[in-house]
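Presented below are the structures under discussion, each in the form of structure tokens.
First chain A sits with chain B, and in the next complex the same chain sits with chain C.
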Partner chain A sequence: MGRKMGFVVDSNRCIGCHSCSMACKNYNQLNPDITWRTVYDIKEDTYGQPTRITMSLACNHCDIPACKEACPTNAYEKREDGIVIHHEERCIGCGMCVYACPYNVPQFDKEKKKVGKCHLCYERLDNGQSPACVSSCPTQAIYHIDTTSLGDEFAKSLPGFPDPEITKSTTRFIKPSIVRKL
Partner chain B sequence: MKLKRRTFLKGAAATGALVGLGATQTEFPFQGLMKVDGSDQTTKKVFQNACPRNCYDTCSMLTTVEDGVIQFVEGNPQNTYTNGTICVKGNVYPRTVYSPDRIKYPMRQKGRGSGNWERISWDEAYTEIAENILKIKKEYGSTLPICLNKYSGNFEIMHYGIEGTMSSIGYTTRATGTPCWPAGIDAQTFDFGTILNSDPEKMQKSKYIILWGVNPAWTAVHSMNFIEAAKANGAKVVVIDPILTNTAGKAHDFIQIKSSTDGALALGMAKYILDNGLFDQQWLEKNSKGYREFFGYLDNNITLEWAAEKTGVSVDVIENLAREYATTKPANIWIGYGMQRHTNGGQNVRAIDALAAITGNVGLEGGGANYAQLDSWGFNYHAMIHPPPEGSEGEANRPVNMNNFAADVLAAEDPPIKMMWIAGRNPVQQDPETTLIKKAFHAMDFVVTADLFMNKTVELSDIVLPVTTPFETPGVNVSYWHYWMTLNEQAIKPLHESKSDVEIAMGLSEKMNELEPGSCTYPTSGDLNEWVGKEFNETILEQFGMNTWEEIKDGPVKMKNMEVAWKDGKFRTPSEKYEFYSEEAEQFGHHPLPVYVEEMKSTEDHPYRCITPHWKLSIHSQFQDLDWMEAINDKPYVEIHPELAARHHIKADDLVKVYNEIGYVTVPAKLTRTVQVEEVVIYETWYKNLNYNVNYTVKAIPADMGEKATGMPGIAFHDNFVNLEKV
Partner chain C sequence: MHELPLVIFTVFSQIAVGAMVTLWIIDLKGGVTSNKIGKGLSISIFVIALVAILSSVFHLGQPLEAFRALVNVQTSWLTREIWLFSLMLLTMIGYIFTWSKKYENKRKIVGGVSSLFGLIAVMGSAMIYVLPAMPAWNNFSPIFFFVMTGVLLGPLYVSVVLYFFDKESMNIWKVAPLMALVYAMSSFFYITVLLSGTGTLETTANNIMSHPMFVYRGVFSWIIPAVVLLPFFFFKVKRKPAFMLLAIVFTIAFAGEIIGREIFYNTIVELDINQVD
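This part shows the complex of A and B:
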């Protein structure tokens, strides 16, 4: 079986600080309105009593990437290691991928008139470094791993995350513990 | 050469560096996946920087610079507290530096608040400022009509050169005090003799952690790593807060307390500990003064039923918390700054300190009542300390209360205040009583502000001077929480016409002396890198285990022997003991014991408490204004409990007017059960495109303490009572 590089999002350790999201922008020098990684609040009453918990999401580097399926110019590539990358020079900015992705991952850059998205900092991985988001997380709540190695203790979804089965998302989650309000 | 807009903005900074390079190289980082040829033709270097903002974490950073342009800012792993990561604000720094919104050159405004700005040269700016200073000196016979208001915008040590600018022209009026934390500082000064916390990295050794009115998930993210480590080692984490914060979301237990009643909870816990013999008699005998008097106070005045009634926390919960805290060692309490921004905030901190003391947690690794520290700040303050010119009138600077700034400025007489110099502060956005603050600004003859961005204070100034970011000028930084020291190297040339505050002082001095020889003592030149070295002395070198100051160039260094505060039991109080009974407290008008002082209550007209805590995407008015940050969040909100919202027919996203007798702020509603029914929460910050300022409703009510250690009492920011109206 091939490798499936993807992210593990540990919502038990995520503190909702947004460092990952801004580190991505800082490293990739994205235009102001473009965000490749986003920190979401999980709805406060999802687990019964109200709390504040978060999950950090970027590209899910799907097994069946809807972006790739939808792209008319073959701008997307599913690498052997599972990373889904977007070749900007082949992109005509038609936005088909933007509509196709159930997770709203590809972002249309009005200035470039092209789409862009998280590519798991593959060039950093190739250099033996971690993705910018991973290395910037103060609580080690995100990491990248060959997700084929992960067992059932890792969830495929958290409340609010779209159905991961449609595109076979490789993102895996560790569920948050819920604080006891006394 | 096809440069994209942002590439161009950055490229514009690298004057000369682009010459001779083809377009493909310069576009490298912006081209997504395109391969770049000839990357060996570029010059790439990594610099050490430090984040100088008013923050616990004071991050050690590494800045990658290519062809004179910042490409990436990341954490420096040599600092084991910040541990190779920086927060959301640190990660926005490349945009801070290259933001199109930066003030680029000195400007003069024709008509304060008119927005009618014209570009002027530095020479024109210096001339106009110097002439105003000399005119005031001639008219009033002294420089006392000139008032400096500088504080926390940049805590890098050379930035104390701003105070030096004023000292070198004569005796001036100074905004004195600190808005943020003084009640707690005085409380710990009465108890321990000063503020001193254990190395926060040692929190991982705790078996029981109480995070009391502190939200590190937003305001000290790196500490969360050590709290997580403690959890992994089996520690229990309890958060006590009026708001179920993101930090509370990470705890085992959350206790939602009525604001400003923290002292009642602490005293209730202490009573339970006393009644059940869970205190550390041996520690108390050896190390403390007045514990019998304190126990007498508990016996005669405190019941758990009273504490429960005050705090809204049930007797069962108080008992259980007290038992767990007193019997699980080491137990650490982290006392936040939010909980002392009350008219009884200092007393509440004293009551919490007492808990740590009676249980023998003071001086224990992984224990303590941790608030802050200033022990690692023993620099020379060379950039700051300059004598007044010979023959200066007067004997000393004149203090006005920073925490009641507008009223004090307007009331000053003999001589009145005529000119203000503002640096590292944004009082028009951040001080209480905005309406009065504006009045004070308009009452001035002349206002000079040095800043990075066109904020609300700059809008009410006559001259604005563009300052450097941390990446454009050298310096050295320490924290008021961890014990690391970081060199801040100049990584790039200053953009546009920006200058550091020390360079501004030098330039002004040159002009002053040109117009009136001997009128300013500030040096007119100097190598700023050498000036960093002049900040060091033998004591600080020894504290940090350095032989020469240059060793800091190899990376951040940590102060020695700060793992456990008060381990030696040598307290810095008059008795050299931990003082439950403090005569000093009495001298400053407080009860000598940590007693409960009644909290402020709501009124019929203004029935809801309005808390205005720090926001996750800013430090006061810094960072949230940047477009990269706006992409995460571009509008404020007021957090209202659904029950309260229903009372006022407010639905989610409805615009709500939050008002009291001094002003109002209009914000969309966010309905949430993480806040209490009778309290609303609005986060203080500045959005550059919104007319949003929480301080229109905040009164300059003094906190109970702060005068001893900081010269002025703090501000009871969270004793703000309002009413609501759907717009």
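This part shows the complex of A and C:
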């Protein structure tokens, strides 16, 4: 079976500090209104008692990437290791991927007039380094891994996350401990 | 308006296809008595389709690189749409040149092929929006509503042009009020079904109904064509609407469709994190 590189998000550890988001922005030199990684709050009463839980999300590097299917210029490529990358030089800014992605991942850059998205810092991975978001997280709440090796203890979804089956998202979650207690 | 080029592209292309299919059908039935008018009409339809396609380029961030969009026929409906509309335009060029007694049989074949490409292109256009990420569009509605625009405005356009030259013998205008009624009823059911849903579906329906132009859309596209033209079905002494009346109804219905398409693009609620059905 081929590899499926993806992110694991540990909601127990995430403290919502946005370091990952800022590191991504900084490393990729994104324009101010663009974010390739975003930290979301899970609704406070989701687990029955008021709790602050956050989830840090970027591209889910899906098995069936809706962005890739919708793109008329073949600007998207799914690498053998499962990473979905976007070739900016082929992008014509039609926005079809923006429409198609259920997770609202591809972002249209109004200055460049092209779309961009997280590419799991594949060039860093190829050099044996971690993605910028992973290496900046102070609590080690995000890491990248071959998700085919993960067992059932990792969830495919958290409350508020669109149905991962639509595109077979590879992001995996460690549920907050409050859920495990329940 | 954020999607103005797409609004113009979709509405104009659907009028062109509706008109092309109408012209082909009435020609099959011998309803076009003058080749000169038939040729002029098909040229005007070609121009409308061309305006549509040129307009579509301006919704791209990089209009000069539009040619790149031709490559992903395997999975991208946008690529397929471009190819289908191009094939329609190409066959239409042939259609225009066959408007003479000599090529009558060929014209009927080429017209049929062009109409078929056009119809599939409109459906392909709609398929772009049938996406799991857009629950309110992820059904048959985009295809139905895109075709309805063509069915409402296409025959009306052909009728207005033939009326102008006093050659409207087949009462094509009668299609418009009937289609306006079908359109109104199906839109009512569509919004009702969305409202019975939750999350993005319900929010989309509320967005549509609270859109400041929604009332105008309903009055222009559905009520005026039906209310103004239906009475002509029931007059005891056979009467036809005057040219000016028909031209005004076409213009108003056209405005209604432009508004309707703007509402289509700007009221949709997509799936997003914490915005889940």
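Simple rule for what comes next: the second predicted complex is superposed on the first by the 178 of 182 C-alpha atoms of A that agree within 3 Å, B and C clash if a C-alpha of one lies under 4 Å from a C-alpha of the other, contacts with A are read in each partner's own complex, and residues count from 1 in each chain.
Assume a residue touches a chain if its C-beta (ideal position, glycine included) is under 8 Å from a C-beta of that chain, and two chains touch if they have at least 3 such contacts.
A quick note: this is a predicted structure, and the numbers were derived from the prediction, not measured.
Visitor: Putting chain B and chain C onto chain A via the overlay, clash or fit?
Guide: Chain B/chain C on chain A - fit side by side.
Visitor: After the superposition on chain A, what angle is formed at the C-alpha centre of chain A by the C-alpha centres of chain B and chain C, rounded to the nearest 10 degrees?
Guide: 120
Visitor: Looking at A:102, would you say it contacts chain B, chain C, both, or neither? Reply first, second, both or neither.
Guide: second
Visitor: Would you sort A:70 into first (chain B), second (chain C), both or neither based on which partner it touches?
Guide: Second partner only, chain C.
Visitor: Figure out whether A:62 sits in contact with chain B (first) or chain C (second), or with both, or with neither.
Guide: Neither chain B nor chain C is touched by A:62.
Visitor: Looking at the overlay, does A:160 come into contact with chain B only (first), chain C only (second), both, or neither?
Guide: second
Visitor: With the two complexes superposed on chain A, say which partner A:120 touches: chain B (first), chain C (second), both, or neither.
Guide: It touches nothing on chain B or chain C.
Visitor: Counting only touches as set out at the top, which of chain B and chain C does A:40 meet: first, second, both, neither?
Guide: second
Visitor: Touch test for A:5: chain B only (first), chain C only (second), both, or neither?
Guide: Once the two structures are laid over each other on A, A:5 reaches no partner at all.
Visitor: Decide which partner touches more residues of chain A, taking chain B and chain C as the two options.
Guide: Partner touching more chain A residues in the overlay: B.
Visitor: Please provide the least distance in Å between a C-alpha atom of chain B and a C-alpha atom of chain C in the combined superposition.
Guide: 15
Visitor: Show which residues of chain A both chain B and chain C reach, each in its own complex.
Guide: 38, 112
Visitor: Flag every residue of chain A that touches chain C in the complex, lowest number first.
Guide: Result: residues 38, 40-43, 55, 57, 66, 68-74, 90-96, 99-104, 108, 112-115, 160-163, 166-167 of chain A touch chain C.
Visitor: Show which residues of chain A lie in contact with chain B when the two form their complex.
Guide: That would be residues 13, 15-19, 21-23, 25-29, 31-35, 38-39, 44-45, 50-54, 85-89, 111-112, 116, 119, 132, 135-140, 176-177, 179-182 of chain A.
Visitor: What residues of chain C sit close enough to touch chain A in their complex?
Guide: So the residues of chain C touching chain A come out as 59-62, 65-66, 68-72, 75-79, 82, 128-129, 131-134, 270-274, 276.
Visitor: Looking at the complex, which residues from chain B come into contact with chain A?
Guide: For this pair, the touching residues of chain B are 4-6, 29-34, 71-75, 83-95, 217-218, 221-222, 224-225, 228, 239, 244-256, 313-314, 317, 321, 616-617, 627-632, 672-674.
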